[in-house]
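Chains here go by letter, A, B, C and D, matching the order in which they are written, and residues are numbered from 1 within each.
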């Protein structure tokens, strides 16, 4: 297959805030999905060299909506924790792709794994309807 | 002055969810502002007889953005509490208005007071810029 | 097998608020996980006849933390939508169980599916450590 | 008066994420309160040289709960904006204090002002009840 393998890994630091945590003193898990969403945005910004608003316009797309996401929670994070989120695309298909996130605690322990399947989405020039579109080779190459 | 006094009070029940609360076991206060925003939407829907998307279109406005808001926290609410939020407009001016919310605990104790100043906002037909617009008498009458 | 099949389905209505939605005008997907968490709490309250704080104390558990969750997004929901969430336990194991949520749009269309695996968790009487515990037959029976 | 004037200003950078924004494409205003809460935590950490969990233990307090907060919204922020939040204590009283936040847009424009009144809170050694406590001179000095 000619598609270059995505190798880019983007890492960002996140501080767990008081408002991220629940009465058990640990992160309320829906907050991890918000963190992962921001991590995917940061990954694409790093790969494509511009923020989402700019690359969406550049490639004529509306966005990369989520169709399927999952998370596995291994070790909880608490208020004040300084964690790291490593994110990478694991597969590009015709018009969809997968992202994996690994949230690591300060000592390197794997805290949470996140899995996403998103769709490259554009407005059909003729019908005006929102639909999936082929991911440009230029985009795939930027993650290689 | 001819402006009828706003008398409508809208009341809605809210259950405090686990994800609304912080490690102290009480509502993380920014969540109260989100509850109050939903209460203002419910108040306008009750007064105008249609949801916001419909009345915004009907009156040709973009929305009622917040310019100033405040809350006073008297008694905390915790997970599982069934509270009531009473909301009313306290003053209509030319293009801005005030909303007051009272969050009452199950025993009637005042938990939180919320105060909002919002602006009736439209797009200028000539310049296309977003600006404040006079609140229609029909709207003010609906709260009387 | 002697374990009674869980048959209880709990349904609750949810209004999509302005603050649940993102710049695309649709629900920011992490919010669905918060809605599903509240639905699981409501399901257990319906089955056990008391709120979580009460049944956690009654059964001597700390809670039912999430270890794995997934959602599939079929049709977006937007501000003002009145949706319904149907929730049920699909499997009880020794100390873990699965919950499935179906978010239905006003016309009955399936909007989102949610899947959860949670663990029945207690504090070990001897070591004081938090660990999984066998789900009491009384709990399983309450869902039959 | 002998109390030293608080002069410490803490500044932190915040990226506006997709999930912070509403269907109008701008930050959903309750999110600003969450940002300000994290800024107050960062301010105290900078002043006292240790994270909140540590200084709360060191000074024998439970926390600094909010009793009154307000925000004025001048210029909206949108997805992708890189903003700066400047935070400082403006007044220390016996057991309460005021914090002011200024959220500045990338060009230096004042976007939002935030105002907080919080209480230094401890558990009464005799009754076990939560109550306000005198702010230690050591804390006040750390902000001078």
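One rule holds for everything that comes next: contacts are C-beta pairs under 8 Å (C-beta built on N, C-alpha and C of every residue); 3 or more make two chains touch, one makes a residue touch a chain.
This one's a predicted model, so the numbers in the text were calculated from it and none came from an experiment.
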Pair sharing more residue contacts (C-beta pairs) when C-D is set against B-D: B-D
Label of the chain whose CA centroid is most distant from the centroid of chain D: C
Between chain D and chain B, distance of the C-alpha-averaged centres to the nearest whole Å: 25
Distance between chain centroids, defined by C-alpha means - chain B, chain C (Å): 30
Mean-CA-position distance for chain D and chain C (Å): 34
Sites on chain D at which at least two other chains make contact: 18-19, 24, 28, 30, 34, 37, 79
Chain A-touching residues of chain B, taken from the complex the two chains share: 18-19, 21-25, 28, 30, 78-79
Sites on chain A touched by chain D in the complex: 15, 17-19, 34, 37-38, 41, 51-53, 79-80
Chain D residues within the chain B interface of the complex: 24, 28-31, 33-34, 37, 62-63, 65-73, 76
